[in-house]
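In what comes next, chain A is part of two complexes: it sits with chain B in the first one and with chain C in the second one.
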Partner chain A sequence: MIEFRGVSKWYGQVAALTDVSVKIDGGIVGLVGRNGAGKSTMMNLLAGLLRPSRGEVLVDGVEPWRADTRRRIGFCPDVDSFYEDLSGHAFVAWLLRLHGLRAREARELAAHAMDRVGLTDAMHRTIRGYSKGMRQRVKLAQALARDPSTLLLDEPMTGLDPIARHDITALVVSLHEAGVTVLVSSHVLQELEEIAVRVLLVHQGRLLADGSVHELRRLLEDRPYRLLIHSPRPRDVAARLTAVAVVRGLTLDQEAVEVETDGGGDLFATLTELGAEGLIEEVRPLDDDLEAVFAYLVDDGLLSRWRRERDREARA
Partner chain B sequence: MMVAIRTRQTLEACRQALCLLRSHRLLWLILAGAALVIGISVFVPDKVARRLTGDDLFGLPAYLLVFQFGLPTILSYFGLWAVHDEISDRSVVHVFAQPVPRPCLLVGKWLAVTLVGALAGAAICAAYWLALALPDRPWRRGLAPDPDVLAAFVQGAALAAPGYAAVGAFCGATFRRPLIAAILFVVGWEVAVSNVPPRAGVRDLTIADPVRRFLVERIGEPTGELGELLQASMAGQGAGELREPFAAVAWFTAVVLLAATVIYSRREYDARSRD
Partner chain C sequence: MTIFGSGYQALTYEPTSWLRRVWALAWLEMRSLFRTRWGTILFLVCQIPLIRGLFLLTIWAGFWSLGGGGGLGRMSPEFSPEHPAFYLAPAMSESGFVFVLLLTTLVSARSIAKDRAARGLEILWTRGIGPGGYFFGKWLGSFALVGIGTVIGPLAMWCFAQSASPDESFAAASMEWLPRTMLATLFFTAALTGLATALSSMARSPNLASILWVVVVVGASAVARVFSRIFRGESWVRALSPWDAAKRTAEEIAGVTPRIEFEPSVAIGAVLVYGAIVVAFAQRRLRTEEAVG
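Take a look at the complex of A and B:
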């Protein structure tokens, strides 16, 4: 079980986390936010690498800053720093021996962990020669090696190819089924959708939302979005689009038309027609990333509205 | 049970630091450089050799190169490197996340650097002594250095190593630019304090001064050029009030290492790269 009780963390004058309170009883929980939102600070607090400036961080009821508590925690950090001259297997065994394990036991556990992340064939090669994806897997292997009860994965999918992502996702799900509490962070919401049932949304050091992926997704369904349409005749394109009901607004320049829309079949049908007539060179979504999602959720006050509704429902 | 685990963790940290030191190019460069200097010394011109005694021939270069320069700079460097390098490249995140108390890590690293420094210092002194003691050239007859001087130097290296390694570990754990701090200690503080009269009472806050006094005591009032060099700064009131050399180094090492351990234990992981 993971618990933040009124946790704030400052780096000098900079507030990285402000009064975060959340309780995670189990399952796979996603931690999502922009870069610099405070995700890694939360992870580092849970891994015992940082101490809260205010409040309490507890893992299984104990502060992770204390060394012995960390026996129950597996941590896959986001940094890509290793002892490059060691092999992947030696690196994992090396860290296991710091637990106080004997050499043979550490080697066996390390080999098993490397097998779980699919690195058996490469485990005796030096880390220096590993690809980005292999390095991610080594970090994951060392986090898994001692069968932790809580697993913290900070941006674990970074640099992984689709097959490796699938493998890691399956591994995380199997760990969850075995009773491990998994907290996984990402700045890509779609990555978490596949595995996390619950999502914590962090923004500027505050916990903005705590709910199911579906609840968050429902908010986004109504989100207006923008398309940039490059055309040899942008005026003609704009003229045709003004007749489409779902188009909220148009901005025209000499080479392109920017369309703000609620989406829908009419628009796409019209775009298909325009494309067939040779009036469209390229269609590019302008805000299909997390930044835009956050801007929509945060700046439009949707989250506060959503929270108010939730509170009302809870009181009822 | 807990003591056994902590001991094992400390020894493991020591073993790992030794592994990392083993692959450090500078260590091998130093040993190769020392071998080169020793090799050249075998061919020291007779004219130079005739002016000196065997103890001077051994003691002057060994003291100046090993005790004045080599041990302080190299050990401080390796001490701070063992602690600071993984902090600056952030690989320490993996180690800090393990269930190992920080004091075990720091003491293990300090132990590794101490061992390497003491062994390297003693080995270099011994190799140089042997090179001079080889009776293959006419001028060496009657000039072979005293084995007791070698024993004093080997013990002196073992005495100096823990202190300088602790200074390095302290700088590595404390400062953002630890090399500058270590250099300031070695070429600033130690040199300045050795010129302060003994009665000022600050000489025990160095390693060089107790080690020099240890060599004087152990050799038994050295004469000649070596005696002059070792005893040059011993004159003045209050010399007798200083701690015994071993006690002085042990006290200094314990305080510095304790401070380093406390700082290292309280240190939070800094995710910002320092490269």
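Take a look at the complex of A and C:
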């Protein structure tokens, strides 16, 4: 169980977190926000690396910087914090020894953790020769090597290929099913959609929203977005799209048409027809990243509307 | 399903001593140079003063067996196993300076900087080992490695001399100065590796830390020599060099004639001041990076 009670954190004159209160009883929870939003500060507070300037941070009811709490927290940082000339197995075993485990016990547990993340075959190779995905797995192995009740994963999917991503997702889900509380931070919303049932949106050091992924997705379905359609005959495509009701605007150049739309069935039916006629080479969404989502949610005031609705529902 | 149902193994946690954790850190640091072939070669090269001492001992053993050898001892105390300077030479002689500087540059001065460059400090501090323990472990590891040539080696040389000496007189005579000599070389190694490790925490990269250490040791020694000619008779000037200050303090502990004469109290004071300065800087640098993110 994780709890933030009115937590603020200042770095000198800069406020990294402002009055954050949230309680996580379990499950897989996503922490999303732009770079510099305060995600890493929250992670560092939970890992016991920082202390709050004001308020309380609790993991299983205890402050995370206490020695007896630390062993219950598995922390997978976002950086490649490695001794390049050690093997993956030796690195994990050594980190276990820093917990005070004896060498033999540490080696056994490290081998088991490497097996859990699918690195048994490569565990005796030096980390220098590991791919980005393998490094991510080693980080995960060191976090799992103890039996943590809380797992903090800072950008765990970065650099993973689809198969490794699937494996790590499955592993995280199995940990959740085993009762581990998992907090995953990411700036890619799609990554979290696959595993997290609940998301926390952090923006400029404040907790903007706390709700299910489905609620957020529902909100995003209605947002206007832009598509770039590559075509051998863009003028013909533009002419056909002007007749579609949900299209709010069109920008034409020699090779492509940029469409601003509210979405909806009519547009996709028309695009299917155009594709069948050989008029479309590629359709690419232009603003499906988190920056665009945030711009939509934060700048258009939709989050505050969403929060008001949630509060009203809660009161009802 | 319990957590163990998903493949976890149960751990029986017992309170473990802080020293055991620190030793795990120190042990890794101590072996860091031996993980590459070049590192091992460099370590062996840095043992040249020790090898020279062992070579001299074999000559002495020959003389002793023939019932002589006193003549060589009168040439220079550094060449006589019957004199404490012989056992201080691997660390504090002119040739020792080069090799100890090389070893501290390669090990102590890089120890913390390489972790900082890899941004690995945070992951270590989630392990129940704080910045203080981390620093101590890093220092202990590099101290143990450098100490092989400056403390363990000379002690082994004494044991060899003891076994080769013709009678009990060597043991009886050397017991009067051996503990102080060992304490002196222990202090000298600890002070230099401590300063280098603390400097390491200030640099952003291991290469920069190595350069910084060499500049501090060689640069300060050069400045101290120049200033000592300008301010003749002012003993504090030589203490501008951390190396000279540590060496003078060690010579005072060992009770040998100093190569550079200046007040031991000034030397001890300088070592304490340098120690306090670098530890204060290290304390500021060894904490979680506070950046909005």
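What we mean here is this: the second predicted complex is superposed on the first by the 274 of 316 C-alpha atoms of A that agree within 3 Å, B and C clash if a C-alpha of one lies under 4 Å from a C-alpha of the other, contacts with A are read in each partner's own complex, and residues count from 1 in each chain.
In this text, a residue touches a chain if its C-beta (ideal position, glycine included) is under 8 Å from a C-beta of that chain, and two chains touch if they have at least 3 such contacts.
A quick note: this is a predicted structure, and the numbers were derived from the prediction, not measured.
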Clash or fit (per the criteria above) of chain B with chain C on chain A: clash
First, second, both or neither for A:D147, with chain B first and chain C second: second
More chain A residues in contact - chain B or chain C: C
Which of chain B and chain C A:G278 touches, first, second, both or neither: neither
Partner chain in contact with A:P77 - chain B first, chain C second, else both or neither: both
Chain B versus chain C as contact partner of A:G38, first or second or both or neither: second
Partner chain(s) touched by A:A178 [first = chain B, second = chain C, both, neither]: second
Touching both chain C and chain B, counted on chain A across the two superposed complexes: 40, 44, 47-50, 67, 70-71, 73, 75, 77, 79, 81-83, 85, 94-95, 97-100, 142
Partner chain B, residues of chain A touching it in the complex: 40, 44, 47-51, 67-71, 73, 75, 77, 79, 81-83, 85, 91, 94-95, 97-100, 139, 142
Chain A contact footprint on chain B (complex, rising order): 5-6, 8-9, 12-13, 16, 20, 23, 89-91, 93-102, 105, 268-269, 271
Residues on chain C engaged by chain A in the complex (per definition of touch): 1-11, 13-14, 16-17, 20-21, 24-25, 28, 35-36, 118-129, 288, 290-293
Contacting residues of chain A [partner chain C, same complex]: 11-12, 14, 16, 35-41, 44, 47-50, 67, 70-71, 73, 75, 77, 79-86, 94-95, 97-101, 108-109, 112, 116, 142, 146-147, 174-175, 177-180, 205
